[in-house]
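See below for the structure under consideration.
As written, the chain order gives the labels A, B, C and D, with residue 1 at the start of each chain.
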Amino acid sequence: MTLHRFVPTEYHNVIGTFPPALTIADGDTVVTETVDARGFDADGVQRKHGPNPMNGPIHVAGAEPGDALRVEILSMRPTRDTGWTGNVVSAGVVDPEIVRALPPRAVTTWNIDRETLTVHLAEPVKGLENFVLPLAPMIGCFGVAPKLGQAISTATSAEFGGNMDYRLFGPGTTVWLPVAAPGALFFLGDCHATQGDGEIVGTGIETTFEVTVRLSVEKRSSIVWPRGETETDIFTIGNARPLEQALQHATTEMLAWLASDFGLDTIAASHLLGQVVRYDVGNVYDPAYTMACRLEKKWLKRT
Amino acid sequence: MTLHRFVPTEYHNVIGTFPPALTIADGDTVVTETVDARGFDADGVQRKHGPNPMNGPIHVAGAEPGDALRVEILSMRPTRDTGWTGNVVSAGVVDPEIVRALPPRAVTTWNIDRETLTVHLAEPVKGLENFVLPLAPMIGCFGVAPKLGQAISTATSAEFGGNMDYRLFGPGTTVWLPVAAPGALFFLGDCHATQGDGEIVGTGIETTFEVTVRLSVEKRSSIVWPRGETETDIFTIGNARPLEQALQHATTEMLAWLASDFGLDTIAASHLLGQVVRYDVGNVYDPAYTMACRLEKKWLKRT
Amino acid sequence: MTLHRFVPTEYHNVIGTFPPALTIADGDTVVTETVDARGFDADGVQRKHGPNPMNGPIHVAGAEPGDALRVEILSMRPTRDTGWTGNVVSAGVVDPEIVRALPPRAVTTWNIDRETLTVHLAEPVKGLENFVLPLAPMIGCFGVAPKLGQAISTATSAEFGGNMDYRLFGPGTTVWLPVAAPGALFFLGDCHATQGDGEIVGTGIETTFEVTVRLSVEKRSSIVWPRGETETDIFTIGNARPLEQALQHATTEMLAWLASDFGLDTIAASHLLGQVVRYDVGNVYDPAYTMACRLEKKWLKRT
Amino acid sequence: MTLHRFVPTEYHNVIGTFPPALTIADGDTVVTETVDARGFDADGVQRKHGPNPMNGPIHVAGAEPGDALRVEILSMRPTRDTGWTGNVVSAGVVDPEIVRALPPRAVTTWNIDRETLTVHLAEPVKGLENFVLPLAPMIGCFGVAPKLGQAISTATSAEFGGNMDYRLFGPGTTVWLPVAAPGALFFLGDCHATQGDGEIVGTGIETTFEVTVRLSVEKRSSIVWPRGETETDIFTIGNARPLEQALQHATTEMLAWLASDFGLDTIAASHLLGQVVRYDVGNVYDPAYTMACRLEKKWLKRT
């Protein structure tokens, strides 16, 4: 169980089957520093253009198509004192006719207090004088090489993961991704200091992090879409438009999980989900929207 | 501030401009017993066919088009020992190709324990032997007469409210509805013992309740879509398909609310919502889907 | 087979179960003059506010719920020398981000030449100096009282018909509508001198017409959505959002029609539609979008 | 103006930046034989697995990012006596609840008569005894390497083209694609003997063709989405879900074209499109749906 300190020499704007930047054993841990969504590092130097430059790919020995890659997000440590956001809600989240009245889009700077682990606007904004947010780090974009040898922009997402922008992808969460290429070829980047549901301003608070993940192989998995587990919940992810298609993918994946690991047939799973499921909107900004189907673990018993 | 005990002599399957069944003063309280979604009362007698028979309309003196009707849901007391649900997730919430494999739809009975305020399946289901849910009452369908003299099925929803099936419409919540007819003409029914996000089995746990609401008029309101407030949150509602259109309506209404009552312009509101908004899926089952845009009150200061 | 000349004394902005303005026998013909979408008549007098004031309801003796009302559009004669349109594409038919750049919306006047049966812009527009269109009359909004006693705004549409804005609803077309109220209760109005697919400027060329329709009852029909027939084609209509839901309704209705009247099971109908179906966009402007599923009659043989 | 006879030695299931299989000069013509959607050639030998194996890439000298590649489809000659289709409409084009009743999916063979240029079912189907279709060849999937070095499955489509399945992409049509990689890198395959709107059985009549195209470079183009021209019409393409987003892309591209080449500002273009636009559904089957915005050339005058 080696710990690798991974310093990228190049960054990728697409997730695909490229020569590994790092090769590790099953179960190894990787510490790596990410640049922000436009490629600026902790020192404010632009290392790569956007969208969402990725660290990777990391080849995990033994991972084969049909397996799952388990990604344990062990920690995320902010490495910069500032982050930035879009300053206006996106044209896609308001009634079309009021888009005419939206102010022009610009970028706003936020200060990150790395002692108190809080975030606040760098310049005062009327009505938000006391708006101080707890740091709630998350990885906006990560995934494994997609099937068929595809290479897909880090602006979007699909079964392999990608730019999902879901706030539960933070420290303490374990994620499973469907492996489609030998070695899985894991990428990550685009971390946020915090983010609301939907990423409706087109960004979270975009900044740089030192991220620590442990990567392990689960052989012969049947997962189709990303799955996750926190201390209290399990969840599945669908990435598509419209939102209901993302919800369909996530719900279908949850039904499969409840059947295989928890012994619930479709009717039992319907009784359970029907009364206790939660749906979270990851983003309604990217080319593919993200919806999570989430369930508290207290309702479940592994078989 | 009179308390009215309202016993309907007829029930409505549409919400529209009908002769009042009860006329009350601004600020009065009404206690009334609802039938379930198929019209069965607490004694198991069917009083009206579905969908969702409503008690009402209640004329609130002084309410005029352009006002808002404030609805305080003061209490919901279950009046029956059983409820029922659909037993299979709806065809609209899973991938289209797996619909072929869904079991046929039937109705399942749940027992409601009115002492412990819990709910459980009446017949054992493998894997759910210990599935006991706290009672979490909510009003599935309620609203005021829509504009233009329309009369709209209680299967669906729009600006006036209707069949929104959102789990936060329970005791302790205050709701505002846009008045479009003199007297507002308030209807309610279709109460659930509990329900998950999305109403994905096509029902909550459908049963009968004694509901107590206080109805008040707020003059010259500018609300377009329903708004709500709980002990901890404010929220706005959009009803439409696809889900992103419902989300657009809800977000647009929230921006209007943040501007008028909290002094936040579009940019300030974008900063706030961008980092802390939550979206809840009311239902993805009815003809119009329901999405709530929700915000914790701790971030807000009324101006 | 009487011919009735029907002069409304009032106009309706909703389609619902109201006292008949005219009662006719099965198979009778009605001639009536419609006002435009904002209620102006042939003399420029506003007789009713919008949206889409309707002539009706016309009670057709013998029509009962479960029947179909056959509507033969026999002729449409323009009664005014001008029509009007919106002058900018709607915010819903362009990429959301470019809505910011759309010019403000205004109304444009068109001249209708009733001798040559052509239409052209009243004021010259650069690049469209020679833009002369043939008159292609169509009824934008018509339908029968919806089920459950609903009364629905003439801005929208559903199974009963309504504001479908489909260009094939013109002279020579026969339409079938599902009867839900005794007497069917037929309404019509909102006629256009011509219109492109999608009604993307929010209007056709809105004007007044003298419309002649023959109304007949077909007993015990199984139609769910509107159906139509022209000299060359049959078609079915779905009204919903998103567009693919409208397409699903229309296709489902066509499969039912091909089975009942043409002896084609699902596989045979799939072979046929798969290679020769045409989909037409009625409107992508109204609250419910309209999609037609159309098939040339040369491929069909009634059984 | 050389004519190249291109015989692929390998086929691609993704469209991306790969080493050229053929390099040609600007304006050269290429003749090449395509395999069917599952990779079977004219002799029934499977040369590659699906989806949609492509011939290519063809490097066109001088093409640079920011240019357009003009693709003239000069001829398509069928090279096999059979084609095949799916035999049941897809689950996505009917009401979700009736998917339960769809028959299981299988493959059906059609005979292609290369003398009469017609197509008919190989085995008789009740009700379709006389169903003989004219051959109407089209290229289901073609495009150029996408931006950012992406490599995208031939099951789907985007700005670069791809699996659009639009019936007007046949002989006589000229298409423009936005170049994103040096040499453009053109791919084509997945040809159909004919196909209805929407590709609703998941296929056209899938077979092999000898295709002749002329490829030319137009420098410094501003196109974002594919454009096309037939003898009578111009059209633009949007690829996305839901259908209205595809329609938004196509309409936005058409507005840009009308401005740059025909001197019509947004208002003039709105007047024109509002009354004469046609929308065609390419497919509602693939991961991205395809919508064409089409306009008869008789309304236009190049500036």
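As a working rule, a residue touches a chain if its C-beta (ideal position, glycine included) is under 8 Å from a C-beta of that chain, and two chains touch if they have at least 3 such contacts.
Treat the numbers as computed from the prediction; the structure is a model and nothing was measured.
Chemist: So which chains count as neighbours of both chain C and chain D?
Modeler: Common contact partners of chain C and chain D, which must touch each of the two, are A, B.
Chemist: Need the most distant chain from chain B, centre defined as the mean of C-alpha atoms.
Modeler: D
Chemist: Compute the distance, rounded to whole Å, between the mean C-alpha positions of chain A and chain D.
Modeler: 34
Chemist: What whole-Å value do you get for the distance between chain B and chain D if each is reduced to the mean of its CA atoms?
Modeler: About 47 Å, centre to centre.
Chemist: Identify all positions of chain D at which a residue touches two or more other chains, and write them in rising order.
Modeler: 92, 96, 102, 241-242 - these are the residues of chain D that touch more than one other chain.
Chemist: Which bits of chain A are touching chain D when the two form their complex?
Modeler: Going through chain A, the ones touching chain D are 13-14, 16, 147-153, 240-242, 245.
Chemist: State the interface residues of chain B toward chain D in the complex, per the touch definition above.
Modeler: Within the complex, chain B contacts chain D at residues 90-92, 96-97, 99-100, 102, 104, 242.
Chemist: Which positions of chain C touch chain D when the two form their complex?
Modeler: 85-89, 92-96, 98, 101-103, 108, 119, 121, 125-128, 130-131, 133, 194-201, 203-205, 241-244, 247-249, 251-252, 255, 262-281, 284, 289, 299, 301, 303
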